[in-house]
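Just below is one structure, and these are the notes that go with it.
Chains: A, B, C and D, in written order; residue numbering restarts at 1 for each.
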Amino acid sequence: MSKTRLEAFSDGVIAILITIMVLELKVPHGADWGALAPLFPVFTAYVLSFVYLGIYWNNHHHMLHAAARVDGRVLWANLHLLFWLSLIPFATAWMGENHFAPLPTALYGAILLLAAIAYYVLARAIIAGEGPGSRLAAAFGRDWKGKASIGLYAAAIPLAFVREWIADLIYAGVALLWLVPDPRIEARLGGGRGGT
Amino acid sequence: MSKTRLEAFSDGVIAILITIMVLELKVPHGADWGALAPLFPVFTAYVLSFVYLGIYWNNHHHMLHAAARVDGRVLWANLHLLFWLSLIPFATAWMGENHFAPLPTALYGAILLLAAIAYYVLARAIIAGEGPGSRLAAAFGRDWKGKASIGLYAAAIPLAFVREWIADLIYAGVALLWLVPDPRIEARLGGGRGGT
Amino acid sequence: MSKTRLEAFSDGVIAILITIMVLELKVPHGADWGALAPLFPVFTAYVLSFVYLGIYWNNHHHMLHAAARVDGRVLWANLHLLFWLSLIPFATAWMGENHFAPLPTALYGAILLLAAIAYYVLARAIIAGEGPGSRLAAAFGRDWKGKASIGLYAAAIPLAFVREWIADLIYAGVALLWLVPDPRIEARLGGGRGGT
Amino acid sequence: MSKTRLEAFSDGVIAILITIMVLELKVPHGADWGALAPLFPVFTAYVLSFVYLGIYWNNHHHMLHAAARVDGRVLWANLHLLFWLSLIPFATAWMGENHFAPLPTALYGAILLLAAIAYYVLARAIIAGEGPGSRLAAAFGRDWKGKASIGLYAAAIPLAFVREWIADLIYAGVALLWLVPDPRIEARLGGGRGGT
């Protein structure tokens, strides 16, 4: 019951974030290609952030699905994650409207970094409630993907000031890394479910 | 369980899209008919898009209701559909504020086309999970309505540059085509349900 | 199942409408009472519309709770109601920002009228699905409150051009009329539930 | 059933409020630190309000979870709470954009005070439905924390005009007081659940 409401609230927040981002695609005044062209970087940033929020929703979905119960610590770890995700529309718009300038690109990476850390903390909080021998703990294992993402974001932030496109490549690369649903959890829990 | 959350998330996104569109009806400064009149094309475009989003929600509802289970592929096909739907408020506002000028009208058609293709892909992804002999596969059948919509949208895009009102007529016509709940699914599944 | 999703979607739309109205309370630039004062009519209109949307949510909640099933006709009657409700934030802001001028006040009444008619149509669509001998049909009975509201709104629209405050009084009065949960439904269904 | 929809609607409203606040973080035009700096007070106010809305969601969650049933009185007490919470984004933006000037800071406190009173009224309405001997009534007990918050907010409002930072300290202090999930309810109900 408790878990249902946590999922519903998180779904609500992520659904709103993913849609209010589109409000930054300001409707241009002209009706020709020239009016549409300046929106291209904002649109590109929107696509990237849409994919990221989709990935977070997807992974959140799988993780909560595998969790048996949630406690107060999980509720707050979840709100902490939602806080950083809530800044993605701002960072997206700032980066897009400034044509991927160094500082906005670095800030975008910083928000992704803090969201990734918050996700890691949330995963630990859920696993702590499940016990070290739980399926979810086994499914997460050493979590190389989460750790690699955190390392890559941390590297992208200073690199945004050297060559901005390297940071962009990193953001796009990490997104690709996560686009496939987590095989660790799918495999183990899928097998577990199949065996039940 | 998994399906419930997919439905809830999709409902959330569509509910937000359908309501943020109304924010483009900018409150006029004057308090007379003259102040209200310029909003008429924006309002017309709002009505059309409200109906389209209602149709998508309705059909999505029926299709998911008929699906027995969802997997990672369906989750992403669903996000892909939501992405194109999320651009409808932008396209609506741009078309409305420019009094249905050719390029905005063509862009509106392009978004509808991409959303229709995404819906088709989602339907295929769900049917692939259900198996070719499933009730849903039978209910969809040859899907002439989905294919006809795709063809009509594709025709409307160039026609918007010839005679803009032809494109509008096509958009309104396709909406009318879908306004009735899909008899294929209703009939077959309704019968199936009645027989159970 | 179907009913759950209809409720969830309606809740989502009403929740969003009730909250985006607050975006019309534009943050003033100064930090003194003089900066706050011009917001007073907008705030008053906000309170009225918040109460109206609360009433609709509340009655919608009771009516759907009493309904055994929903069909395609109910889905569309529900979307039709949501369409008119979606225009409440616009009408509220226009009325508030123009200090309850005649035309915006009349338009506000027109939206309330159309929403009330849409609610009536929705109730009929649900009752049609339940059958004339259903508890819901009995609970609605002659529906004097719904019909009185429609009559009062229809009277308020021309009166807004004569004496604007008469229309305001009518809107506030109808809201008071509905503020108490519908005793017809509560009594009959409450008794029915107690007897089960 | 009824409770589920009340929770879903409240979740929806709180989720939207928590996310539309971020729209007040207006995207700056420049791409350097100088463009970002003026957003700092708005961001600080955003963090405070995010925490407050998180606390309300969290406590609301626990309280409703413990409630066995809801009636019309609870529905309206809940809408009353949501009304005051809906003004938090406005008060947050006004306070943040005016760098915590006295009047906006006092208004922020007034909104917190009215929300706290509304929460108290909601708790009483739920307990009235549960009966005086219920677990929830026992769990709330003398409710020193709720009463202390109300007293502190009432004190902060005049203090904002004397030394504005004292009011800020009080708001932050009350938030810290509530950040831990309510041990009264957790302990009693947790034990009760364990014993069942």
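Definition applied: contacts are C-beta pairs under 8 Å (C-beta built on N, C-alpha and C of every residue); 3 or more make two chains touch, one makes a residue touch a chain.
Just so it is clear, the model here is predicted, and its values are computed rather than measured.
J.: Any idea if subunit B and subunit C meet via the same residues, over half in common, or different ones?
T.: Both copies touch with mostly different residues.
J.: Measuring centre to centre with C-alpha atoms, which chain is farthest from subunit B?
T.: Of all chains, D has its centre farthest from that of subunit B.
J.: Starting from the mean Cα coordinates of subunit B and subunit D, work out the distance between those two points in Å.
T.: 37
J.: Could you please state the distance in Å, as a whole number, between where the Cα atoms of subunit A are centred and where those of subunit D are centred?
T.: 26
J.: Enumerate the residues of subunit C that touch no fewer than two other chains.
T.: Those would be 8, 12, 16, 20, 23.
J.: In the complex of these two chains, what residues of subunit B are touching subunit C?
T.: It comes out as residues 7-8, 11-12, 14-16, 18-20, 22-23, 25, 27-33, 36, 47, 50, 54, 57-58, 61, 65, 179-181, 186.
J.: Subunit C touches which residues of subunit D in the complex?
T.: Subunit D residues touching subunit C: 1-2, 5, 8-9, 12-13, 16-17, 20, 23-24, 72, 75-76, 79, 82-83, 86-87, 89-90, 93-94, 97-98, 101-104, 107.
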